[in-house]
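To start, the structure itself, in structure tokens.
When the chains are written out, they are named A, B and C in that same order, and each has its own residue count from 1.
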Amino acid sequence: MLRLGFELARRGYGRYAAYPGATWAGVFTNTFFGFLIAYTLLAVFEQRDAVGDYDARDAVTYTWLAQGMLMTIYLWGWFEVALRVRSGDVATDLQRPLDFQGYWLAQDLGRAAYHALFRGVPPFVLGALVFDVLVPGNPLVWLAFLASVTLAVVTSFAFRFLFNLAAFWLLDYRGAGVLAMVASTFFSGQIVPIAFFPHWLAVLAWALPFAAMVQAPIEIWLGHAEGLELLGLLALQAFWAGALLLLGRAVLAAGMRKLVIQGG
Amino acid sequence: MVETFAIYRRIVASRIRSQLQYRLSFALTVAGNVLLTSLDFAAILVLFGQVDALGEWTVEEVALLYGISCVSFALTDIAVGQLDQLPRMIREGEFDQILVRPLGSLLQVVSADLALRHLGRLLQGLIILGVALTHVEVDWTPGRAAMPLVAIVAGVAIFAGIWVAFSAIAFWLIDSQEVSNAFTYGGSFTAQYPVNIFGRWLRRLVIFVIPLAFVSYFPALYVLDKPDQLGLPSALQFASPAVAVAVAAAAWVVWTTAVRRYRSVGS
Amino acid sequence: MIELDGVEKTFSVRLKRGRLRRERREVRAVDGISFRVEPGELVGYVGPNGAGKSTTVKMLTGILVPSGGRVSVAGLDPARRRVELARRIGVVFGQRVQLWWDLPLRDSFELLRHIYRVPYDRWRANLDRFSEVLELEPFLETPVRQLSLGQRMRGELTAAMLHDPEILFLDEPTIGLDVVAKVRVREFLADVNRERSVTVLLTTHDLADIERLCSRLLIIDHGRVIYDGTIERLIDRYGEERTLVVDLEEPAPPLEVEGARVVRVEGPRQWLRFRRRDMTAAQLTSAVASRAPLVDLTVEEPDIEDVVRRIYAEGAV
């Protein structure tokens, strides 16, 4: 079982490793945006010393982490399952003696590993060469960060999976996904750290699952969550990951029923 | 030339007709697009929730930059956004089909489809531009009033030129087309902010190499009668149209060279 | 009308050798091709995969620029005067679609009218004629993406002909079509060639297309023309083996005749293979008749496929 999972992950990894050109182009884009956003945030710190528990260095570090994590987490733009539902191929998939959700999750983890290495690390390293960024000294923080990123990937996958399932019911599944994309991009702290949000908005952001996808790992890296708080953050992520996965299974079952009854 | 645009108009008209067939879906898509593109401005508002000025530009002034940039970019996206499909077209042989027709290749690529959903960004940009223009402290003269319009027209040419030139990369490196995103979508983002907040190398890049500063920054300096913190000559504030022409010309050269090379080397 | 003189096309290919090293290799896709097609001819262009067929057609239609040699199509150099030439030729790629995917078929035709600047009356007349011949009426309003392969191909052929091209280039037009559809396409091409004197260059893997349509056949392999002539001459010269099918009065054990071998027996019928150079059909017939009473007989000529396959396998002939 685990062996199968590993093989699927490897496959997921390989599918993206096959296009090195696209990867390097992506690194270029991430890096360019990293510079743009970093300068924008630094402009804020010309006026103030700190925003929440962020100082200038935190903000810049945040920028480069967010850019590095963009493809690793893959918040939106993934429609593989929806495409298979649309084309009808999903019927054959569902007949295989595999757990459908698990099948895609395993591949996504492999993909995330590739993107973490080749689209996560390079922009951060490039950014670190130009800007003063924070790198944690404590190995426990690194460990927690890795755990957090993994949970973030799972959460993001569960969310994407859910939205792909909309294809069972909607012709224009992409359109439906736009709202989710909007929400997830903004409320994950991808554009501006949640710490910058006005209080009421920040509360809303943390109530949604998106913060668990991007903001949480960054908070851990920056050392803003320690000890019990850190565990709490990881637990929050685990909660969202689990909840969204379960929801995904329920929706999938409903979709399968529809397929069987109506022939898709 | 007139014929060319007549054909463009026709292709676009059929596309519009076919997209409008699904009214509800279309409306939702546009609405979704408005929301999505508003995120950029939402981010600006969030930043201004913490400070009064970015690089000594107030929120109304930044909104002006944003409005001009957004409207220009939206119009460009509608006009030439199809260039993003170029790698796929090359890969699937559709570009060869284009070469067999008695019409310019660039025209055929950009008129292949028209994504009306980009109207969402346009709408959002116009609203914010309108609000900005009514709230900025400006001593309005005819010249200052005309400048936003000039900036938008020049902006479209500059963005379009950048888009065309960088999309042509697809003829050399099929996989790496995403590089162009850095300068098209990234360019749009850049033009939403005052150039003086960027690091020196980036400032130089967007003024002298990929002249995004001429889309919104310099025209806005003129409208607002703001002293340029970078200390550059004020003549630059009127240079947008000239820059636009130069960029368009350069883009045309890049495109034709790229197609010529494609025809020599195959795919 | 179409003239190639020592045309060459070399591609520079980068191959991966191991993890990091790249090797640059020159591939001569087209290695000195010369031939002429006169106006009004219907010529078949055949060759194994990778022989250089598509590369040749791309050079003839202006998509690719030759590395060497001279190309002239309708008196124009396709590489230099692409747009001008495009008005006078029609091109159909079997595996690709030139029609607009989401639009109804009719809209595609309308757009082409403007792109090719066809006068309305002429366009209308052509459309009506082709519509009738190819029976397009039932699906003129259907979006192209909803059409079946056969319907789409009929649409593509119409689209290629609406502007009265002088030359028609076809690349695998019958691929994937059912028998009925293939016949329709072939009839259309024969009509168009006969009635409108359109010169046709037909690239295909389907040798039945060639047999039914083409007077002349060009075989290309490894970037060179290895045969240029009629089909009869091809079979005549290179179709080695013929088959005599005899119906005997009564079933008999396989006949033993020198120079021929029995390849199949079904009751009173026997198939005898013999080589053209060894004996004539008449000689074999009398040899058979002297061994057993004959009721009837036929002579089967070699299959063009067998011939071409042999040529591919053995190289230049």
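As a convention for this text, contacts are C-beta pairs under 8 Å (C-beta built on N, C-alpha and C of every residue); 3 or more make two chains touch, one makes a residue touch a chain.
Since the structure is predicted, the reported quantities are computational estimates derived from the model, not experimental observations.
Visitor: Per-chain Cα mean versus the mean over all protein Cα atoms: which chain has them closest together?
Guide: Smallest centre-to-centre distance to the global C-alpha mean: chain B.
Visitor: What's the farthest chain from subunit B if centres are computed as the mean of the Cα atoms?
Guide: The most remote chain is C.
Visitor: Compute the distance, rounded to whole Å, between the mean C-alpha positions of subunit A and subunit B.
Guide: Between these chains, centre-to-centre, one finds 28 Å.
Visitor: Rounded to a whole Å, what is the gap between the Cα centroids of subunit A and subunit C?
Guide: 53
Visitor: Express in whole angstrom the distance between the two chain centres, defined as the mean CA positions of subunit B and subunit C.
Guide: Roughly 48 Å separates the two chain centres.
Visitor: Along subunit C, where are the residues that touch subunit B in the complex?
Guide: 11-12, 55, 58, 61-65, 79, 82-84, 86-87, 89, 91, 93, 95-98, 100, 102-103, 107, 110-111, 114-117, 143
Visitor: For the complex, give me every residue of subunit A touching subunit B.
Guide: 19-22, 24-26, 28-29, 32-33, 35-36, 39-44, 46-48, 51, 130, 171-172, 175-176, 178-179, 181-182, 185-186, 191-192, 196-198, 201
Visitor: Can you list the subunit B residues touching subunit C in their complex?
Guide: Its residues touching subunit C are 3, 6-7, 10-11, 14-15, 18, 92-94, 96-97, 99-104, 260, 263-266.
Visitor: Under the definition above, what is the set of subunit B residues touching subunit A in their complex?
Guide: 22, 25, 28-29, 32-33, 35-36, 39-40, 42-43, 46-47, 49-55, 173-179, 181-183, 186, 189-190, 193, 197-199, 202
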